[in-house]
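To start, I am sharing the structure in question, which I have written as structure tokens.
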Amino acid sequence: MNPGRLETFADGVFAIAATLLILNVDAQVAGDVPNLGDRLTHIWPSYLAYAVSFVTIGIMWVNHHWVMAQIDRTNRTFLFANIGLLLCIAFVPFPTRLVAEHIRSAGARDAALAYGFTMVATAVMFSVTWFYASLGRRLLRADADSAVVSGISRSYLPGPWIYLGATLLAFLSPTASVLLFLAIAVFYVLESSLFGN
Amino acid sequence: MNPGRLETFADGVFAIAATLLILNVDAQVAGDVPNLGDRLTHIWPSYLAYAVSFVTIGIMWVNHHWVMAQIDRTNRTFLFANIGLLLCIAFVPFPTRLVAEHIRSAGARDAALAYGFTMVATAVMFSVTWFYASLGRRLLRADADSAVVSGISRSYLPGPWIYLGATLLAFLSPTASVLLFLAIAVFYVLESSLFGN
Amino acid sequence: MNPGRLETFADGVFAIAATLLILNVDAQVAGDVPNLGDRLTHIWPSYLAYAVSFVTIGIMWVNHHWVMAQIDRTNRTFLFANIGLLLCIAFVPFPTRLVAEHIRSAGARDAALAYGFTMVATAVMFSVTWFYASLGRRLLRADADSAVVSGISRSYLPGPWIYLGATLLAFLSPTASVLLFLAIAVFYVLESSLFGN
Amino acid sequence: MNPGRLETFADGVFAIAATLLILNVDAQVAGDVPNLGDRLTHIWPSYLAYAVSFVTIGIMWVNHHWVMAQIDRTNRTFLFANIGLLLCIAFVPFPTRLVAEHIRSAGARDAALAYGFTMVATAVMFSVTWFYASLGRRLLRADADSAVVSGISRSYLPGPWIYLGATLLAFLSPTASVLLFLAIAVFYVLESSLFGN
């Protein structure tokens, strides 16, 4: 399969996972609501969670294309690695809702852990996908720039560990863990807007 | 990333956000309905809200392509500006449902404000996206027509302010505010059908 | 906008509207179900409605491409006519659920009417879209075959009237009306498989 | 219609069906949850069902492209066969939820049968689609490799029967039936990763 078809399928999953996030917000205002304004104010974590997860999925989409731009051809193993990666990304709306609904109650730690481990799994699958394709330049384009390739490798190696740290922080403070994921997303957007190409 | 891939992703979000709007109508007829005909008549604001938001998302999709047709290349900042824009557009189904369900009850003002501020945020992100790309012709095609470029700029400058006015009108009359958004959409479709290219 | 971009957006709406139909079946088996087998048997109209609407949306998708294959360029009016058409198609999951849930109860007539009028509106929008593009060959390709063009025109003219007849039949018998829509879909698939190209 | 447009539509349905699977997991944690951690642990079959169905849909997507890569052109019959195939694939989220929710209760057998027969129907439609296109090389590319074509034919012939066997196993043991579907997916991924191209 040529890489273009994989990109089309992946783009679909990214776009749908991001757009489905609004259903989480929507479910927070159901049935009879005595005071709509109070309710809309009360659910502010849902808006924040929506924005963080939407931008995070957006970052992953940008990264995925940056990887695919180095790819010359695919094989079955690479396709299934990508399906595993997309499986993780399509899972994101679920822990996003958990965090939004439970971060202010007794379930905060469990919700933050669910969110964190989803991010760890996603980062692991990103690494698996990339290193499978790039080791020995197995599936890379002949003209893929060595500096770009080793740059991606360098940036992917610490990814799962950073996310794992942010996840385990939930045992101390679920709120701190969630804010760290927010900070990682904000930092990434600012950093690549200022220094990226 | 070439602009084509951004368009594919954006098209996906536009298409999904528009198609998800039907879930709002669907949720209005749930469980046991003693008299289906009465219920289907009673929820007429849901049909109207569905149509207005569908057409509004359609207008935004047309506008987005008109912008992208002037773009030669993307960078990270432009991609993230677009992700911010799509984040607003994917949010539209939520306030659409609020308006449909609450416009005839005590929550009308809050629902109209939620709808209005979503539109203001979307218009702001459209401006951010466009002016980032077009200032100094940063990302424009070398052959982008100056008249078209300044035409887009001229039409985008008042956008957020018109929407802000329509939004604040909700403090006086939520119904008038919502009808004004409907009128803007109808006017836009008629005007560009009659005078657009 | 070139026709290819319109096709991408339209394909997205067709695919999402068709795939969302499963949510209607899904909602029929919610909460505690004492006897799953009985429940799965009892909801057989949902399977049938799913299949009929899926195939009907599929037929519309095939027709839309057949139309688009004759189109050389688009303009704003044509884009908005298409958005109106897609608005109708994205609406289909709602009356599909109404029919599936109410065809055996007091709401049968209202459900059948809702389904029928959605189909009539869709057929009208198909005609509007086509005749706007084809009158005086306004947007057609220079090499569009006259026999094909007049063939499409001939087949579109009676469409809304046939659907209107099937809809009004619901006043006599909702079941007959629904079965007629099923028969139209089956006939269309068989007829174009046997005689189409 | 050229095969590319069919692939775009099919990719959309595959991507949406896979991404909608998360709604099944999501529905398992609704309303007030006294102990979120316990709940998240208790619903482990939902995670497994999500993963198995996501990967199964991914496998079908890979297979569909492998088929389409041999196709030179389409006709109406082939399009409707594909719509029938996609109808089955878009159905998968429903029995997936049934299995996840009922495999540990009285409805296990019925849930496993629903899942199994959906898989049988999908395999049958895959065979119909393929053999319609390949018999007498009706729609194949002139340069389609005979070894590849007969390889696909050989691998598709037993498909429905293997799935039927796994389905009927549910009468003896629903759990064994479901585990067999899991094993088939795992085997397929491993086998094509190790020996596929």
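Observations, loosely collected:
Note that the chains are named A, B, C and D in the order they appear, and that numbering of residues resets to 1 at the start of each chain.
Here, contacts are C-beta pairs under 8 Å (C-beta built on N, C-alpha and C of every residue); 3 or more make two chains touch, one makes a residue touch a chain.
Fair warning: this is a prediction, and the values are worked out from it, not measured in the lab.
The chain with its Cα centroid farthest from the Cα centroid of chain D is B. Because chain C and chain D carry the same sequence, their contact can be compared by residue number, and under half of the numbers here are used by both. After Cα superposition, the angle needed to carry chain A onto chain B is 90 degrees, rounded to a multiple of 5.
Mean C-alpha positions place chain C and chain D at a centre distance of 25 Å. Chain centres here are Cα averages; for chain A and chain C they lie 36 Å apart. Along chain C, residues 8, 12, 16, 20, 23 each make contact with two or more other chains.
Chain contact topology: the protein chains form a single closed ring, every chain touching exactly two others. By the definition of touch given earlier, these chain pairs are in contact: A-B, A-D, B-C, C-D. Against chain B, the residues of chain A that register as touching in their complex are 7-8, 11-12, 14-16, 18-23, 25-26, 29, 33, 35-37, 40, 50-51, 54-55, 58, 61-62, 65-66, 69, 189, 192-193, 196-197. Against chain B, in their complex, chain C makes its touches with residues 1, 5, 8-9, 12-13, 16-17, 20, 23, 75-77, 79-80, 83-84, 86-87, 90-91, 93-94, 97-98, 102, 106-107, 109-111, 114.
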